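Comments concern the structure below.
The chains carry the letters A, B, C and D, assigned in the order they are written, with residues numbered from 1 in each.
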Amino acid sequence: MKRQKTQSGWRNTIHEIIYEADTPLGKIFDIVLVFLIVLSVVLVMLESVKEIDANHHKLLLTLEWVVTIFFSLEYIARLISIRRPWKYVFSFYGIVDFVSTIPLYLSYILAGSQVLLAIRAFRLLRIFRILKLVKFLGEASQLKAALKASRAKIAVFIYVVLILSVMLGTAMYLIESDEAGFTSIPRSIYWTIVTLTTVGYGDIAPQTNLGQFFATVIMILGYGIIAVPTGIVTVEFSKHQKGKKGNHLVHTNTQACPSCTAEGHRDDATHCYNCGELL
Amino acid sequence: MKRQKTQSGWRNTIHEIIYEADTPLGKIFDIVLVFLIVLSVVLVMLESVKEIDANHHKLLLTLEWVVTIFFSLEYIARLISIRRPWKYVFSFYGIVDFVSTIPLYLSYILAGSQVLLAIRAFRLLRIFRILKLVKFLGEASQLKAALKASRAKIAVFIYVVLILSVMLGTAMYLIESDEAGFTSIPRSIYWTIVTLTTVGYGDIAPQTNLGQFFATVIMILGYGIIAVPTGIVTVEFSKHQKGKKGNHLVHTNTQACPSCTAEGHRDDATHCYNCGELL
Amino acid sequence: MKRQKTQSGWRNTIHEIIYEADTPLGKIFDIVLVFLIVLSVVLVMLESVKEIDANHHKLLLTLEWVVTIFFSLEYIARLISIRRPWKYVFSFYGIVDFVSTIPLYLSYILAGSQVLLAIRAFRLLRIFRILKLVKFLGEASQLKAALKASRAKIAVFIYVVLILSVMLGTAMYLIESDEAGFTSIPRSIYWTIVTLTTVGYGDIAPQTNLGQFFATVIMILGYGIIAVPTGIVTVEFSKHQKGKKGNHLVHTNTQACPSCTAEGHRDDATHCYNCGELL
Amino acid sequence: MKRQKTQSGWRNTIHEIIYEADTPLGKIFDIVLVFLIVLSVVLVMLESVKEIDANHHKLLLTLEWVVTIFFSLEYIARLISIRRPWKYVFSFYGIVDFVSTIPLYLSYILAGSQVLLAIRAFRLLRIFRILKLVKFLGEASQLKAALKASRAKIAVFIYVVLILSVMLGTAMYLIESDEAGFTSIPRSIYWTIVTLTTVGYGDIAPQTNLGQFFATVIMILGYGIIAVPTGIVTVEFSKHQKGKKGNHLVHTNTQACPSCTAEGHRDDATHCYNCGELL
């Protein structure tokens, strides 16, 4: 693999450490990163458990600071080690990385900034790539391709299900009384979707004979239409399965572009498909 | 596209505006229509929420009048701009359009006319066609074709499921007592369907050992038979998928016949498949 | 169609009326029979609803007598109009017909004979054949063939699911306390199956952290293994779909053998596949 | 079938009895073994039912001793009748057999040893092989092969579902209050999985409008993604179905290797695939 001469030595080294796993330091960095990503998510969970937070508040806060500082340094290192940092900053993972870093800083300025903590879980999506688990990457990319291909069909399906839910929910609101929990049409629609998807909490349940008869119809409908997305996805899967060998659908190259950090290059790529940079 | 000379100019213009999206006015009309359809459905929902209705009754009523008047005008415009209005009046969408318009008028004469409000949601089905979303139309037409082809099989399946439910429900009524909620055979059948479709509200649940054992059998049965509609639909989908290229199953022409308003013509159609009128 | 001369004229006529629909009388008989089968099932339901039974007890009892007498006469007519009555008596539908007839007679001798009422619903299975709905018969026979072919696989699947349920149920019994509803291992297994099949009543639900964690594992497991029966049935369906044309899998001949009443003969059959009698 | 001369006569006989079903004694042993395996599992269940245990404690304990002694003898017999006992001891079924035997002995030394009882159910997995049900073995081995092939894809799927659950659970914790049951993020994640898998206990259910709206989104998501494992497994099944004839995927030889007890040899095998011993 040719290295670009335009990059200064230390930036090059940082790039190697962060984006590749060829050197011992790069491997250690990857393992520490994965460990801290998992830790950052576990911390968010533990902080929300009252008893644990009450007894170990200090420890949790310290760990949160460790995670935050490491993520901050990693973010800065990523920025300076690539040639077009703005591309990274505004990429999906660039935003995820940034948002995962800032909640602790923000908490001193802004209340309610914990909302950003939920975003952290997105970083878990990168673990396969960080650990270079090529096999799983291949499977994931196949699944993604099949789901992408069935996107439009599933959108149509969900749209029709929603219209059905609005109609059936309105009907149930007129049939059932307030006492059974059907206090408004939006709530009736909520109940309809709970029933149609066969979740069935039971917090709202029909009590009149007509309502129960109607609910039965909705359930059997729901039982039937669950077949539709399954059929769509199965057919797409089987198509992608066949095309697999011939079309090189799956790109499991784990290298990242030094310029824009784009990943998922062809195995025989010499230039980045995204910015044209030499790899 | 040739225009018929037998139609007077202004009716022609109205037809262009309502049924096509080639002119600026036609496009504006389409967007306003979609907006008002969505608004009409949202209004029905909001009126049912007691707090919102109490505080904003006047606003909601005004908007309801706006929607009703627009829909009335649109209905009349549709009637006068086509040559065979009766065909439209008794078509599926003709009835939906009419019923979506009248609830407010009826409410002054008849109590309980809100039932008609549920029909309004049907108008949402047209949004793809109004907005000329050709891709989604194609997908929807494929889904429809596959479901149509599996109709008879699914009817047989549901029929057998219903017979099973009657038998199992009767058995559960004899096994379980009134206290557990199994107060009559219809209610037991309701419970059986709730269980067989894996909805499981929990408002009625078996309490004796025999009842719970029997319930277990029903659940595993339900778990197994959910495979049947899925299998049916998947096989149909895969057949339609293969036949797609050869048979031109999908017609995504968004033009409407000026005479009978039939839609879904072939891309290369010059005459309406329904009434033979020139397009 | 040749008629056998060995049968006396009136028995022949009865056979024509009961088993075929070629004569006007035969058609009327079929329609009355279907109507009374449906009525007999509806009666069982209505009798179980306390309010209805209290107010209309006499009417229901009269109708029950009408149904019972008609079914008795029909049963006798079936017996005398075929040449090998014992074959019919001990066939599946022979037993169903007999059991559907006797509950009212038995109720004067034996308490608890209502259990037999559940069997009545089985007669509904014959409606397609009585009404000679050839298309649905064909679909039903395809479904049956596909399910029959996947029988062994589904048996293995259910066996493994039951073993899993025993193990997971035992584990949950040890983890959760009596208060949460896990009072014994059989009840824990009941809960496990309720969860694994995604029914989820909520009458029993884990309350400890470990129990909820374990429940999560069971749910995801259940979510995954629901794919197995679906996969099995889908593959069988697609095989039967392909083999359909070549193998004449579907026999939609609605004729019944005059000797043993076997049905489902090949379209070109001249002899009964069951007893060799001329058709 | 050649027998090895290095084995003494009685060990040979024991091997024949335990591992094969060719001799009358071997058949009796197999039937007794299956009966006792089922009994051992039923005993564990009955002991946990308070009323039964209170009234029949002595009988249950006696039966437990019968099972334990038989299993102990069987375990020893297995050990001495094969040439490489350690291979058996550390094999999956070797461990299961050992753990199924010891709980009663342990209960005199250690409290809480009932945990091991759950392992007993694993022995039920062997019944097909003990009873030489070749057909079911074939089906089971096909199912296993298909599931094995889809393992990596399902792992990726479950991983993504878990990440989704963490994110959605965190969001729901921030939206809903403690009163609705969302007391901590782990509990919110528990609720999210209950909803996403369409189990829906109803012990925790959203009560605010925003929460219910969000729950609706999760349900429809769950309804959609259930299609993914189904699609994966179906495609694998259909592949294995096709490859069945050509590749001899299914090995239904019920013989066990006299040296290492490995099972599942090819029908035409003369040497163990595992240790090379003559069969």
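Keep this in mind: contacts are C-beta pairs under 8 Å (C-beta built on N, C-alpha and C of every residue); 3 or more make two chains touch, one makes a residue touch a chain.
Because the structure is a prediction, the values reported are computed rather than measured.
Asker: Of the pairs given as A-C, B-D or C-D, which one copies B-C, with over half of its contacts the same by residue number?
Answerer: C-D
Asker: Rounded to a multiple of 5, how large is the rotation, in degrees, that superposes the C-alpha trace of chain C on chain D?
Answerer: A turn of 90 degrees brings the C-alpha atoms of chain C onto chain D.
Asker: Measuring centre to centre with CA averages, how many angstrom lie between chain A and chain B?
Answerer: Chain centres of chain A and chain B, defined by C-alpha means, are spaced 32 Å apart.
Asker: Could you please state the distance in Å, as a whole number, between where the Cα atoms of chain B are centred and where those of chain D are centred?
Answerer: The computed centroid separation for chain B versus chain D comes out at 46 Å.
Asker: Check each residue of chain B and list the ones that touch at least two other chains.
Answerer: 186, 189, 198-202, 226, 230, 232, 234, 238
Asker: Can you list the residues on chain B that touch chain A in the complex?
Answerer: Checking each residue of chain B against chain A gives 41, 44-45, 48-50, 114-115, 117-119, 121-122, 124-125, 128, 135-136, 139-140, 142-143, 146-147, 154, 158, 161-162, 186-187, 189-190, 193-194, 196-203, 226, 229-230, 232-234, 236-238, 241.
Asker: Give every residue of chain B touching chain D within the complex, in rising order.
Answerer: 198-202, 230, 234
Asker: Can you list the residues on chain B that touch chain C in the complex?
Answerer: Interface residues on chain B, with respect to chain C: 152-153, 155-157, 159-160, 163, 166-167, 170-171, 173-174, 183-186, 188-189, 195, 198-202, 205, 209, 212-213, 215-216, 219-220, 222-224, 226-228, 230-232, 234-235, 238-239.
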